[in-house]
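Here chain A shows up in two complexes: once beside chain B, once beside chain C.
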Partner chain A sequence: MSFPWARQYEPSNGFTKFLDERLPLPRLVYNAIGAGYPVPRNLSYFWNFGVLAGFFLVVQIVTGVVLAMHYAANAQVAFATTEHIMRDVNWGWLMRYAHANGASFFFIVVYLHIFRGLFYSSYKAPREMIWLLGVVIFLLMMATAFMGYVLPWGQMSFWGAKVITGLFGAIPLVGEPIQVWLLGGFAPDNAALNRFFSLHFLLPFVIAGVVILHIWALHIPGSSNPTGVEVKTESDTVPFHPYYTAKDGFGLGIALLLYFAMVFFLPNALGHPDNYIEANPLSTPAHIVPEWYFWPFYAILRAFTVDFFFVPAKLMGVIAMFASILLWFFLPWLDKSPVRSGHYRPMFRKFFWFGLIPAMIVLFICGGAPAEEPFVMLSQIATAYYFLHFLVILPIISSVEKPEPLPYSITEAVLGSDKKVVKGENTSPAV
Partner chain B sequence: MADTTATATPDTATTSDDGIRRRDFLDIAAVSAAGIGGLAVVYPLVSQMAPSKDVLAASSTEVDVSAIEPGQAIKAVFRKQPLFVKRLTAEEIAAAQRDDTASLRDPQTLAERTKEGHGDILVTMGVCTHLGCVPLGAAEGEVKGEFGGYFCPCHGSHYDTAGRIRKGPAPTNLEVPEYEFTSDTVIQVG
Partner chain C sequence: MTKLLSVRLVAILVGLGFAVAVLWAFVVGAYNAATEEAAGHVPYEKPMDLAWSFDGPFGKWDHAQLQRGLKVYDEVCSACHSLKFVAFRDLEQIGYDEGQVKAYAASKQVPGIDPVTGEATTRPGLPTDYFPSPYPNNVAAASANNNAIPPDLSLMTKARGDGTNYVASLLMGYAPPSEELLAEHPEAAPGPGLHHNPYFPNLNLAMAAPLTTAGQVTYDDGTEATVEQMSKDVAAFLTWTAEPTMVKRKQTGWPVLIFLLFATVLAYMSKKQIWAAVKPKK
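Then we have the complex of A and B:
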């Protein structure tokens, strides 16, 4: 589970010795995030976001459990108890704003984490399982975030619930019965609100469980690194503690500054004013959009406006939206290039920066914009590129591309014997 | 930055004569900041469990006592708990005053438990001081216990006509909440 030169845990006193022979928790921690876990010495700040995602999961669970103490999942009072939390409960405003913005920050760091994985091909062997579990976590996060947004029972909550469950209505034949079954009614009401609350409480703990598997799978091959060259010798690694506890700690400090700047000074900047109007089943808000972190996928959903042969446009949109994430499950086998890091892949790099990233930005903007031109046309082009990139371009690149020469080892890359290698990455001198 | 790292590299260079290193200062500063930050996180997390503003706002009750006949009691609600307001009869007052000097577990005179000028109005919480049951004796026809006041059926505490504990496991008299007469006939509790 680790490199042969990993430091061995030695209980320092009678108590830890006692514990080590019965329940070796300190040993587990030592080997997982302590001095017993050797990590590539050249990790950049892009390797901070896993820890940050874990941190925001904890923030969400702690603030969420607190909110659940004061909230009532009943359509009669849900909106009122949300305002009760904001006005009456001691520090309730802080708990709710921390939870709402915590969700956004959870998605920000997870998106950066995924970005890192895509650029450095962290999904390649032997780390496919880490990637697959990560996609599962992301899907669970999306479900949890969606259901959480319904709970305040504002206008956006209600109509979000209606639209998203309406997606299932697109399934041929059984779609409508499924939608009614999911909602426990013909429109979102008490039954839907109650089950969303129940699942919104449950799923974060499921996420925590999958996170443990994700980290477990990570610790088998160990972390990847910006060169993509595997660890060869001891000089390629440093112990996780204190080197990366310190580096992650610094990153955490920056993240906390940004997070609390939002919580305290712009708490509603990422929300929608309409959600401070109580749910009204008889009136849809003029401009209904999901939370920002769903925008790219919402744009893909809306990009399909005409029927494809015998498949109705509505169904195509739903299929495409789910497929846009599900295809990530196949990424380790679509990208066959033996080289991991985008730094050594000239062709991949061009399509990544000038194809995929602009497409994602366009989808993001279009998802938040009203469904009118030019946004529909733009999201159609970007959607087409998105699928083309993963399903066609990536496999072709990996067979025709001539990668740049890789450094022999991480140590060589860090020590800067090759100028090209050091470019843009970890220019700090050797420790 | 370059200068400090240059001088800081050999550990001995940063150790002053008394053996204190620069790092000791950094360690203490970092741990202190984390500790204060931790407290700032824990305080709201603990405080949110305390009664919220709407609960505290509902902690005052007004009761009109004009319609209560001598010997009759009414139950009101104060802080979501029963409140007994009783108009004592002349006999009950006499019995209570006679026992003012008796051997009491929680010595208090009737005068101390009522307001001046309203010696016949006894306001107590309807909460047994043993384990919180509601004593009998306020409503018509309920058992009043051996001392003619209140009787708690849970574990058998007897209170006298002034609501003082006389027999049974309860440690103290029925609590007299803070209240005042806002007019001749209306009391405000809390």
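Then we have the complex of A and C:
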């Protein structure tokens, strides 16, 4: 697929001609991220985070493979091999800090990527499949990150594993057998550690596979853009290379500066000190908290403190926590407003900035705080708003809202409303 | 269309269901909060904000201080606390030469095997050995310490929030509880076998003040061994044991960031140049 004016790959010498007829890999790359991919000319820096997410996935795989060469997934020695990596392996400390902070940065850029998708309704037709695959990637990331955090076998690793697998124990009747089956025992131990390591190694490659599908699906309709108006003519687009390779290159530089500032100067700022205490099944930490990127969902889990009719509080929390992410799968069919961009949706915009964003911030803070007042009550209000926003407010405003006038085209949005300019640009011959 | 409408209708009902359930929990919680007295926290002090040679992005180890700290660990802490992730060979990193490390290692007895009978025994340490534990196992450690196992100190400053300041503050902070504190929180009084310390999160800990008198350790470099000095020196030493690569990490960070800054400026300029042709003229 592509726009009719997309540039065609021309093999330039004998070798590339030979290759193009047998394995057209350069053609694939040319059409995917090269000059053969026309992209809206008006993308803001919010469209940078997909590339950054791909970059951090690679960082995680490369550093992770090296770490796995020195780590031993055995409850007797896992903590000690982690320290061995930190102390005795050449540049081991760099690999481990790069991996631990790489996970955080992967989540930061993915959250910004999701935020972009939510504000600009990137999930709407014809891009539903890109969004659905993105939610799958996010779920796989959460599973991978959780299992990775167990591997150093510190106190938070152990108790986090116990709490998270305990969620399955909330399922009526079969919950407890499922938990025992997942852990390979009654509590996290060698069996759990080994399978978590195995899956933690496997899942990133599954993520990479779904990322390929995600990018494939993206190349069918092409990228969305801040106006939400679809590409009409060639003047609406520029080739990905060199325009967006250059723009993304600058964005990558900024991201790397922030990332390495954390890795080299604040490597433990996002971690919990308790994870430098070796796992001890007999000593429960005062506050069991997951890594920061799970805090909003952990807050939703803990917000349900009271049984709801015949549903126990714990089960209710588990259902709500999973539902809070699974409901994203339905967004393309819940938000039926024909206008994509939040810039042209006055009601949506208000609920987004003054409802959803504050609710997410409150959930984030409460998820990291101990389960005491006022955090529990705040998280309950924010949780209620979270579900109302996606499941009630969004469907209703998408049918009652009066969108603001959209620009005629991307070209008009960029160059102003000068009709002559727009006309001239729009009539440029399509190749 | 009717099918899509029903998707949204179901969503609205589900959304209201979750909202009602969680708001019901909110109401119950608010009622409980209003009628029951909240369990108050016993207040404890945040660690003192002390100055360290290794602070900040340009921090460096003060080898003399680390060596003094080793002496405090060696003569005081090591009676009860292990340092199991630190090998004697590591001490070369804090300014000792190979011969000094060999001699220091040899002065310690580490577990070994009698080469003739195969029985468990002890032998003088080698640089490749790790600091030996004062107790053969956790049961012995618990039994000797009123059931509280003294934790390993290798990672202590990383295993506590603001760890270096915390360790130093804790060691300097032993004091009986004040009258006002006891009046407000009678439960803050130390129980049998416990010792009061305002920096410890529940105010009373099993470890008695380990550093009590000036001159408890005689420093080789002539520094006056006040309780404050010893506390700071051992906290600095334990910061090194927790992350011997910390200074190298910071020193590596600078060239990396400077390179990236340069590369990012270049990337910005090429982006500017490439986009100049298609940007609207102002």
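In this section, the second predicted complex is superposed on the first by the 417 of 431 C-alpha atoms of A that agree within 3 Å, B and C clash if a C-alpha of one lies under 4 Å from a C-alpha of the other, contacts with A are read in each partner's own complex, and residues count from 1 in each chain.
Keep in mind that, in the parts below, a contact is a pair of C-beta atoms (placed from the backbone, for glycine too) under 8 Å apart; a residue touches a chain by one contact, two chains touch by 3 or more.
Predicted, not measured: the structure shown is a model, and the values here were computed from it.
> When the two structures are overlaid on chain A, which partner does A:P358 contact: first (chain B), second (chain C), both, or neither?
Neither partner.
> Applying the touch criterion given at the start, work out whether A:F390 contacts chain B, chain C, both or neither, answering first, second, both or neither.
So A:F390 only meets chain C here.
> With the two structures laid over each other on chain A, which partner does A:V66 touch: chain B (first), chain C (second), both, or neither?
Touch status of A:V66: first partner only.
> Applying the document's definition of touch, where does A:P338 land relative to chain B and chain C: first, second, both, or neither?
Touch partners of A:P338: none, neither chain B nor chain C.
> Go through the superposed model and pick first if A:G209 touches only chain B, second if only chain C, both, or neither.
neither
> May I ask you to decide whether A:P126 touches chain B, chain C, both, or neither, giving the answer as first, second, both or neither?
Once the two structures are laid over each other on A, A:P126 reaches no partner at all.
> Identify the partner contact of A:L94: answer first if only chain B is touched, second if only chain C is, both if each is, neither if none is.
After superposing on A, A:L94 lies in contact with both chain B and chain C.
> More chain A residues touched by chain B or by chain C?
Of the two chains, more chain A residues are contacted by C.
> So, does A:P346 touch the first partner chain B, the second partner chain C, both, or neither?
Touch partners of A:P346: none, neither chain B nor chain C.
> Touching chain B in one complex and chain C in the other: list those residues of chain A.
Shared contact residues on chain A (touching chain B in one complex, chain C in the other): 87, 94.
> Quick one: which bits of chain C touch chain A in the complex? Just the residue numbers, please.
Against chain A, the touching part of chain C is residues 4, 7-8, 11-12, 14-16, 18-19, 21-26, 28-30, 33, 38, 57, 85, 90, 151-152, 154-155, 158-161, 163, 201, 242-245, 249-250, 252-254, 256-257, 260-261, 263-264, 267-268, 270-271, 274-275, 278, 280.
> Inside the complex, what are the residues of chain A that reach chain B?
Touch list, chain A to chain B: 62, 66, 69-70, 84, 87-92, 94-95.
> Quick check on the complex: what are the chain A residues that touch chain C?
41, 80, 83, 86-87, 93-94, 97, 238, 242-243, 246-247, 249-250, 252-254, 256-257, 260-261, 263-265, 267-268, 273-274, 276-278, 286, 303-306, 308, 311, 313, 316, 320, 323, 327, 330, 333-334, 336, 372-373, 376-377, 380-381, 383-384, 387-388, 390-392, 395-396, 414-416
> Can you list the chain B residues touching chain A in their complex?
44-45, 47-50, 52-55
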